[in-house]
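Two complexes come next, and they have one chain in common, chain A, joined by chain B in the first and chain C in the second.
Let's turn to the complex of A and B:
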């Protein structure tokens, strides 16, 4: 491959890249650095520290690591990610894609449309629907189950938002797996079947090895999305108490409701680091797979 | 190859330049509207929603009247109202973010308790001479205690326009069913609990709604813990320091334990996101016997005309009583009863382009004529004594607040740490109501939190 495929020369190539780099610098790098700086101050939304924030170094980070609230919130977030994304969305999405793989026509279109609908509806609309569904007094779920007076969002708040997020986000996994499954050559499945492999054996020995890359990519994306998802706030407000105060809600409440912008910024940076760790783990797994093949 | 790329590059640059030029032009749009000066008023009020009467007053009275007055003086003014109908905490956050960015409305309605922290942050500036006492004659009508709502560090930052008081509201129909008197005034917490026990015998009735927990926000502190604490003889801030895990606090939290641990209140309701609105609806539906609230509840919630949970038979069914001290004489300054008051303040945004005109609008909105118009259709306790004398005469509830409650009420300390102390108190009540902590444990946790936010108890 020649070093300068487009024949532009160094100067013109730089001129082409410059606008994009400027945008990235202005809208990504600068805010990120600014957040890190804010995280090292006691900046507040109101009061004296809003007018004259003081530099406090790593105090905010130390406070976060000392405080039960941070570890509590991180624990809830991991529950939320593992429960709703890694187990819920990925497994359910795969199951739907697998069951629908050889079907065409009305049934498949109907199921896909319903699953997709949950994904494309605006968050505020969906939150309203779920609040109505789970309402203590006139909720649809209580009417269906015959459990009047059960306040689902108060009594089982984590379970409620996990189920909510599975319902909300399964569409992406379903579509990605459906595409992945169609890339498995039918001839290989046919051969396995002729050799007497059961459905489970076909899945394990023929399908999964071919789509492992898709699985990892899917898990990477939905884990990061779920980790940063704010929609549960619309359902529970982080409550009751702090029982559903996942990281994005914790940061929001700290920075905006309590007005502790500096501490909130420090929490955002910590959250970013956790995101990076998740991303690194998956990228490692992907690399290891590529190296193996 | 190279030529086409160059051409494409030229096109790209052309588009980019055009976009930049368009963006630059965008700024001039605001100057339209025939040269009229534009002012905006913002309040947490919206027609047919939260504080609808305030929204209606601003839109139907203030704006036309002020525009008319200015037109007569030869100034074309276009006043706009930015309605809002959210929780007070959310409104405050939005306002603070706007002010911090140097934007926001020209005139805003604030809770008096925010004045201190907004002033410290530089989001508010002291009134100019034209609106200070001496410059504006309205101050002569505003009592000293009410003036303090708009004051911080001995400076006035806005004009208070109303105050309020907290009482026990009770449903006389349910009281009759439970064999309780129609004219009821408990003189101790024990008597309050006795009435609640009697109401507990009724089917489908929650005896008492005493706000607890963080979901209710400031409503928990203001019409829950603080009046109880005052009834146990302790202010939350004694002028030198915050009250810690004191005997009075443990006693007040003890009442929460009696109510929620004894099945006299609904602990789940306290944790629901819309719990406060739901408690209002339940009271209006004859499902709650006693509810602790401010006169806002009477004016804006169960008001058969325009309330958010209208109660057709409000005037015949709903009674009110003073909040008793723990025992007679046990309240702050040896009082038999306790209450808390707050109030709203209107202020001008220092970042306003039209500050002078905005101050004119501000004093106009607080003139006797304007305040009378505001209180005419739906009576409320205004900051002006001359207006109160005429508008409250027809409303027994509001007269009761003005005559009986305001003399014994207490105000919150206008300190920047107050909101965080308030949250700590809410958490303490929530933990006790949910049965997770005993009153003493919750008080200790509160005191520990106090050490973090305010350097400990005084």
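Let's turn to the complex of A and C:
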């Protein structure tokens, strides 16, 4: 590949790229840096500190690490991510993709359409549907189960948002795994079958080694998305109490309800760092796999 | 003992496609048997039904006296080598070869020993710790063979075993495969669309088209005495000339303006027939006569030690194989004489069957 394939020259090439770079700088880099700066102030939505925020260094970070609320919220978020993304969406998505792999026609299209529908509906619509489903008085679930008066969102709030997020996000894993499974040559599965391998042995010996990269990529993406997902707020408002106050909800409440913009910004930066750690772990696993093969 | 008997085998695919229709086929114990036909003729379906990868809609599959029609593939004691070899890319050669033994819970040390021994027989000793991606096509094929051999199945099934190799490797692998099958004496069924491969490898060949067996016989029988015009045009590196003609008095067939000698037998004069003669059995002659096919050379194809000439004349389009030193040029007239004892007569209608009262050319046994 030649260094200057288009023959533009350095100056003209830079001129073409400049508008895009300016947009990225204005709407991505600057707000990010500004958030980091805000996180080091006591900036508030109202009051004295709104007019003249004072620089407080790492005080906000220290406060977060000292406060139970932050660690509590982080713990809830990890439960939410592990329960709904890593276990729920990934396993269910794989199961659906595996069961549908040799099916074509109406059944497959129906299942795919239903699963995809959950994924493409706007969050607010989906939240309304689930509130109607889980409602204490006239909820569909209570009618189906014959358990009138059970307030699912109050009695099992974390379970409710985990199931909700599995339902909502499984489509992505299903589609990704379906594509990955179609890359496994049928002749390899058939060779295993001829040797007498059970379905589980076929999965372990032929399928999983082949799609390990897809699995890790999928887990990385859905972990990050779930970690940053705000939709559960529409169902539970973070409550009852702070039982479902996952990180995005915690940040939102701190910054906009309590008006502590500086502290909220610091929490955002901490969230970003956690995201970074998650991403690094997966990337390292991916690298290890590439090195092995 | 592991003879294979297919009885009344029918396979319908969803959507109403009937791939096989009441197929009857017997493969003897230890035989090297070819399923030959153009793509879509059902040959791979037969192989996969023997393996159990496809379930027969009707009919039975019997291997070594046991009815295996309803058994899953893993319990039929057959091993298959796929066209793409289907090696597991994340396993070494040893692990690939030992995989069927691992599924059968053979202890690690024993299965490694057996894998190394089998791979050694196929000249893979130096490659035992490599992965398939680091091997050549020929080596990959031998790993696939070793994996099939390692668990000593009753039947080998090969799906187009040579088609992924380049032309030179293919010849080498063909000889290798034939010797290996002789030594192991395991009943082997293989699928190919290449008639030369089938003729070279097989003890017997089944020629198929549209889910039906058109002829079963030894390579000699199928080549010398094709049972119908389909087999006649499918077998042979250059297809047989099939010329429409009419039986005339004096045991001859009138093709165009030539009265060619033919094994007419009891066929009444005036009967329309198809006169079949292979391009190899036409001989150049300097002068035109009553029994010569005459035409103008339109195409000259150099085949190395021979040349393939295409003639256009009153008899239609005729192909002739002539020695390399004949000076043929497009546009020149040419006269050729057929070898009377190699001519065959077919029905011009129906399935184009060989007219049964033809004597057997070359003294070969009648087709099975």
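Keep in mind that, in the parts below, the second predicted complex is superposed on the first by the 290 of 293 C-alpha atoms of A that agree within 3 Å, B and C clash if a C-alpha of one lies under 4 Å from a C-alpha of the other, contacts with A are read in each partner's own complex, and residues count from 1 in each chain.
In this section, contacts are C-beta pairs under 8 Å (C-beta built on N, C-alpha and C of every residue); 3 or more make two chains touch, one makes a residue touch a chain.
Just so we're clear, the structure is a prediction, and the values are computed from it rather than from any experiment.
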Fit-or-clash call for chain B and chain C when the two complexes are aligned on chain A: fit
First, second, both or neither for A:146, with chain B first and chain C second: neither
Degrees between the directions from chain A toward chain B and toward chain C, using C-alpha centres, nearest 10: 150
Touching partner for A:122 - first (chain B), second (chain C), both, neither: neither
First (chain B), second (chain C), both or neither touched by A:48: first
Dominant contact partner of chain A by residue count, chain C or chain B: B
Overlay on chain A, chain C to chain B nearest C-alpha distance, Å: 38
Of chain A, residues touching chain B in the complex: 6-8, 16, 19, 44-48, 50-51, 131, 136, 151, 153-155, 235-237, 239-241, 256-259
Residue ranges of chain A touching chain C (in the complex, touch as defined): 185, 187-188, 190-197, 201, 205-206, 209-210, 293
In the complex, chain C residues that touch chain A: 51-53, 72-76, 78-80, 82-90, 99-100, 103-104, 131, 147, 151
Sites on chain B touched by chain A in the complex: 1-2, 5, 9, 16, 89, 93, 96-97, 100, 114, 116-118, 120-123, 213-215, 268, 271-273, 416, 419-420, 423, 427, 430-431, 434
